[in-house]
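Input: structures, listed below.
In the two complexes that follow, chain A is the common piece, with chain B as its partner first and chain C second.
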Partner chain A sequence: MQGVTEKHGYFIIGKEVQRVDAFQKVTGQAKFVADFDMKDMLYGVLVLSKYARARVKKIDVSKAKILKGVKAVLTYKDIPGENQLGEVVADMPCLVPEGEEVRYHGDVVALVAADTLKIAKSAAKLVEVEYEELTPILTIEEALKNEYKVHPNGNVLTSKRIRKGNIEAGFADSDVILEDDFYAHYQEQAYLEPQGILATFDNNYGITIYGSMQCPYYVQSAVPKVLGIPMNQVRVIQAETGGAFGGKEDVPSYVASQCALLAYHTKKPVLLVYSREVDIQTTSKRHPIKSHYKLGLSRDGKLKAVEITAHMDMGAYATLSPIVMYRSLVHAASAYDIPNVKVDIDGVYTNKVPCGAFRGFGSPQVLFAMESMVSEAAKRLKMDPIDIRMKNALRVGSRTSTDQVLTESVGAVKTIEHAVKISNYDELKRQVIEFNEKNKFKKRGIGVSHIIYGVSLGAAGQHLDAAGALVQVHRDGTINVHFGNTEMGQGAKTVISMIAAEALGQKMDKIRVDNPDTSYVQDSGPTVASRTTVFGGNAVKSACESIKSRMAKHFAKTRKVPIDEITFENGTVKTSNGEEEDFGKLAQECYDANVKMIERGWFVSPKLYWNPETGIGEAYITYAYATQIVLVEVDMLTGRTQVIEGYTSHDVGKKLNPVGLVGQVQGGFVQGMGYGLFEEIKTSSGKILTDNFNTYIIPTISDIPKKLVIDFVEDDYSQGPFGAKGIGEPSLMPTPAAVANAISDAIGRRIKRIPATQEYVMNLIEEVK
Partner chain B sequence: MDFVFMIPNTEEELKTQLSEPGSFLMTGGTDLLVKVRIGKIKPKRVVSTIRIPTLHFLKDKIDEIVIGATITYSELMDFKPLIKNFPLLYDAIYTVGSPQIRNRGTLVGNVVNASPAGDGLLALYLLNAKIEISDGSVVPVEEFVTGPGQTALPSGEYVRAIHIPKYDWSVHYFEKVGQRNSMTISIASVGWLIRCKNRIIDEFRIAYGSVAPTVLRLRDVEEFAKGKHIDEDFTHSISKMVEERVHPIDDVRGSAKYRKILCANLVYRMIEEGTKC
Partner chain C sequence: MLVRFNLNGENIEAEAEDDERALDFLRRLGMKSVKEGCGEGECGACTIIVNGKNVVSCLMLAPELDKTEVWTVEGLSAKGKLDPIQKAFVEVGAIQCGFCTPGMVMSAKAFLNKNPHPSEEEIKKGMEGNLCRCTGYFKIVDAVKRAAGEG
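Let's turn to the complex of A and B:
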């Protein structure tokens, strides 16, 4: 920043502040899309496939159409634009045409809009669809045979690989070699608010879409294609979003396309809110991943080689699978300096629910496998699981599994040291031994995991990796911040307010961060990949700094003081000679002097080199690291696991909002624990049975550990706002692995599948008997 | 999902309103409304019991307690004679749902719902509770429940109260194995009551939930236990007997095989519990 003094201390960054949207959310004033009501509003309902795989022979909507109160019943014939959806590969029909196949139980065949939800539901039941049932592909193994094809080009959509060093030489050089198979199941995002969109038709704008979403710009590209209208006729405004976890990355594009079609044909506002059952049955989940791991180590525990093959169950459509796979690929060998790495991952189509984005994007599954292998190796070598990780941890100058040289902000070792310290590790181990000697039916175990997490979209997503902001300082000194990323419960608005406050020197309560509206700010990429604080934050910071420097210039000129002696802090502008002005008064003066008080910010990802053939290169702009130690108690009579203590240390670059950070880590821990223990999608013939929260089991407040100690390592990242990196996803990554390792330690058998449900654990215990 | 909702103020009104075909009784609604939402039942009218003063009572008599039909779990848990005389029932209902569910749900609803997974119901089986019906009859709970979701309640009648006879037990135990710590339906549950001295059993009752069409009392195991010394051998034999007698099924919460293992294993808790006498 030119002209104004750079301060070393911050007045708001790193301080404990109240969440900016807390009051509205706690008191129920915040409106979610299901709360919206408009004159003449219609209700939308979907007609879903009844089979995992079948040919649609005939769709008859005549009975549905004549029901009183029905305003539209639409099929593929009513799509004015392209009947094709898909953020990466356009392989998914918006509405399945006659003659074509439904590919999973959630495929949409028709849409209904009616005066009331009840009428819409009744009409949906009157839509008659004639199917010819076909043999579905329900497992990765069946898919790989390619006897039946989910899509014409075969069941393997894409494959990705890493070839680093010489794998044969690496194993030849190893003293110990271990091999094993792992399986990580689906996970449902389980956001509290189901998918929902309100589409309104109006003559000025064309279509305006309000909705629960992470990525308004995805919606703004998808809807015009389906409607066959130009992009400037579709405006997307994010409504309050009650949780997302990746489940509202690309899915709202499909929901919005369905809803917009109904609005387009009826010329009325249409509200389409999924029931929990429809939501779970149709929308994307975390990918099941089957993997085979082979690890080579020297006698003293140095990792020499790792060879991994993995298959991801993509379900019926690609959605975001190719980019999810990229992250699985890069994270498959976890956070270690390993000279020889070979990874092969295939994305496989099946006739089941499509899988896509979920906090961690394909990495918790492989981190679980790798971290299990590392702990098993430690056991084999009679080493402590901490020591083996310390020995192989990444440091400045180390090379990652894609051969990227790490140049700064590598807090990995510090997170290991902190985790050991906060858990009082040696004492913890002693207590576990003592407990296990005394108890026959209850056994305790300690699990360790150590992870890496690439921040933002990485080399494979560089074309999307930029973000914008529009900041306006009003004449009363209050500020509107528009940015292109979304608040979905994670606290984005709070941290962005803090960044704007710090960068402008204004008080936080004078700042309002508005929900994204595609007509204000250029496409800022998705709100995913733990990138919002870094990307949105940098864009907001640069816009604020431009305005501040103009205000400073005005202040210097009118007060006749040197510009480099002016400071802006907490609503007051000061010079070293005691000259002082209120931020708002100065804003008014600037307005009177015609100073430009609105500014755009634009942050672009540093460019990364990447070779997709070899999987070698700069995979991500920077990485977050974490180490976790958990203590579990397993009931040997029931197989049930209780996590009783958790200790977790995270390298975040710089703590901007310490309260928000703790919130993210608590939430990530609990969601990761749920994945590790009991969140299980069960299916029958491809249909999801666990389609509501009665049977899809997520943790409650009484399942979380009594003690969860959270620690942060600060190792500044030079490109991050004030040195920050992301935390949204790294918060979850270590937990499934740590929990699985702890159970393995407790029962003396290796957990090779997550969730490690009580039934699975009981079976392992019984095998020993 | 359209139905008429009625809130009678007296038992006479209740009886009249209930006589219409398609009428369903509702107390807390925590079972009924779930079934209405998923379309399992389609009521024409729903008649609520909650404003009828004569159904809202708790009585602590010398030889029994009597629980009125509209007493919620939360109210019951605050009722001191319950913890004192029936700690087993207290433990069982403490595991029902969440505080919100216990603020609405009732023991009577649990009985009439007649689920083999009913936690309150399992305790009532063990305590030999009796169900008082509006026609004046009083029926043992085991006869009242005739199958999953089925009862011997005559049409047009309703349950007025539950009677639980007092009896002194040395040991009581209840355990529900669910998929998480709260808000969970049992995969298998067990309860037992023991009267013993110096670890020699004088009287024994044991029941399992979620492993048969109804809650299951194992009378022959109860007989077998009489006079036995509580030790590893004893629990081992009981465990074997239990395994042969339960016939669980697979469902979305757990497999039949797992349920069987649970039933057999839970008995081993007795080794620790047995030391109490």
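Let's turn to the complex of A and C:
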């Protein structure tokens, strides 16, 4: 920073701090959207499709409308603006019109608002819809035949590819070639707080929307379109958000459009909170992906060629699929230096729940397949799974599978070394052999995975990759920070407070980070892709630094000291000659001298070159890496698997908030473990059967491993705030693959499907017999 | 019917519908810490303490609260001072999104009242009814251990 001495040590960055929102949350004062009470508030309910595919012949709302307490029953006819939603492709009706098709069980045909939730639910049952049932497309294979079409233009929406090197030559040059098929199923985000929006109508202003969401700016662009009003009449304020994991990226735009319609027509505040069942039935999941992998290697384990074809089940609407696919594409060959890479991915429509964003964003499915192949190759070559990864790992100067040259912050090798060290790998292997010799009906296995994560949105999302902030230092030295990214449990507010404190030199408890409000900060893109620390963080940092520099100038002038000898640290401003002032007192002086104490910050991603035809280019601004080792125990009589120990090393660039990082990795590990083992969406004729926590089983406190050792590698990223990259998604990504590899190791058969449910594992065990 | 009960140390009377869930009734009385995550007794977000026992309020009817003693998180820190369990949750970082937190705290409270010096296995058994999707539970175990150590 100009004019002020740069310090080497940090007083708050990297230190153990308490979450800034912990007190409100632990006392029950934190306000989630369902906790808002407004005078004359109405309750909203959806009327959903009864079929996976059918033509809507007639919608009759007359009986519902006359029920006492009902204030509105809306159909497509009541939409003043466009009846078309979709963040990437506008292929989804807000309310399905008569004469058109419902395309999955969660399509919405009508909306109800009433004085109480009970009345609204009763009224929803009175809406009569006449359908003509049609043959639904329920599998990728059926979809590819294109006999029936989910949308008029055919069932394959988009295809993406990578062509690096010469694939034929790569295989010709290989000593060993392996091929296999893999399948990764759905996963439900299962945030504990269901989707919810409160929309209020104000004659003078328009509509204000509060809600549980990751991306207020998505909501702010969707709602005006549906209501046919300009953007400046829609203000979006994020409420406390009870977990999201990608599930509240674009979905809240749809929930908000429904809710805003009800508010628009009733001129009353309307609260629309999904029941768990409606949430699971209607909202987007992790994509099922079928893939075929072919690997070529030299005898000594060097990867020569990888060829991949994959199909993603997008469900009935595109939602975010095209960009999810981009991440699947770039991550399909994982974290290795491979000269010849060919990848083809298709996104396929079916008459099922739409799939979209979920922590990892299309990568855990392909990483599971690739990492299974790499471990299988090691087995074939009689190599250790660690050694084969070390041999092919990315280093500074390596080229990724999109031929991007890595120039800095490549901690990949270090994560492998650390994982080996923290797991005491050789001893762990010895113990497993010993255990397996002694036990007949219980077998243990070790699984390794090594992954790459492209930070932020990448070349395909550059138009969204900027973020803003608004920082104001008050005359008492306290600070308000507005930024454009959201806190959803991951600790964004805490890390932003730390960055602001460090950049200003003020104490952390003087900083308040407000929930995003679209009327304060310019569109800062979505809060996804583990981009908040880098993007929001940099924007906040630059705003803080401008204010600090003005405060320093004032201090230098009034104390007659050279500006480059002033330091700001933890609430005190000092010079080398012993002159000292409290940050708050200096703020007051600045106010008295009319110094500008408010500032905006803006951070734009470095521009990336990308060729969509060849999939060659700078796919992401930088990458994070991780290596994980897990120990499982499989009951050979039942097929039940338990993860006993986990060891995970993550390259994060720089640790800003170590407590928060550990929390992210613990949560990501357990969520990834659930995906690897037992979280199973079951459907019948396209309808989800597992629509609450009694049937969709997520990990409980009893399922967690006895031991989870977490390690961080620091290899500064020059463009990150204080050198940091991201952690949100890499925390989950290695786990499904590591768990699958460990089960394969334990039972001596390759796991080719996740979740590797008890039933699936048992079948494999039986096959061996 | 008119429900007379003791809520967080205060005697209360309030009208309730016969089929009203205790969850909705308490929220209507301002106890917004009582969260609904599933409505089916599976997630524990709506956990309250009734006559010393942790129960899920989504499966209980408001009239059943008549003549009982009920505690929610609002009652634990009524005077602005955190209960040792709340303190432990904050200090070890057992809170992320916070949606499960009030239910977790109430389950931990009832559990530690019964078993003040639990083993790790006992903590896991005791807290099994409360789901958390954010933390992976490790720090929740730590928080209950820490609260037990200080209690």
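Assume the second predicted complex is superposed on the first by the 769 of 769 C-alpha atoms of A that agree within 3 Å, B and C clash if a C-alpha of one lies under 4 Å from a C-alpha of the other, contacts with A are read in each partner's own complex, and residues count from 1 in each chain.
Going forward, a residue touches a chain if its C-beta (ideal position, glycine included) is under 8 Å from a C-beta of that chain, and two chains touch if they have at least 3 such contacts.
Just so it is clear, the model here is predicted, and its values are computed rather than measured.
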Is A:T27 in contact with chain B, with chain C, with both, or with neither (first, second, both, neither)? second
Contact breadth on chain A, by residue count: chain C or chain B: C
Would you check which partner chain A:R19 touches, where first means chain B only, second means chain C only, and both and neither mean what they say? second
Now for A:F441: first (chain B), second (chain C), both, or neither, which partner does it touch? first
Does chain B (first) or chain C (second) touch A:T700, or do both, or does neither? both
Applying the document's definition of touch, where does A:P230 land relative to chain B and chain C: first, second, both, or neither? neither
Of the two partner chains, chain B (first) and chain C (second), which one does A:G9 touch, if any: first, second, both, or neither? neither
Is A:V659 touching the first partner chain B, the second partner chain C, both, or neither of them? second
Report for A:G489: first if it touches chain B alone, second if chain C alone, otherwise both or neither. second
Can A:L708 be said to touch chain B (first), chain C (second), both, or neither? second
If you lay the two complexes on top of each other, which residues of chain A touch chain B in one and chain C in the other? 694, 699-702
Once bound in the complex, which stretches of chain B touch chain A? 1-2, 98, 177, 179-185, 252-255, 258, 261-262, 265-266, 268-269
Going by the contact rule at the top, pick out the chain A residues touching chain B in the complex. 118, 441, 637-640, 642, 678, 682, 689-690, 694-695, 697, 699-703, 757-759, 762-763, 766
Per the touch rule, the chain C residues reaching chain A in their complex are 31-33, 35-40, 42-43, 45, 72-74, 76-77, 82, 86, 89-91, 93, 95-102, 105, 123-125, 127-128, 130-141
Spell out the part of chain A that touches chain C in their complex, as residue ranges. 18-19, 21-32, 34-35, 189-194, 240-243, 245, 275-276, 488-491, 659-660, 662-663, 666-671, 692-694, 698-702, 704, 708
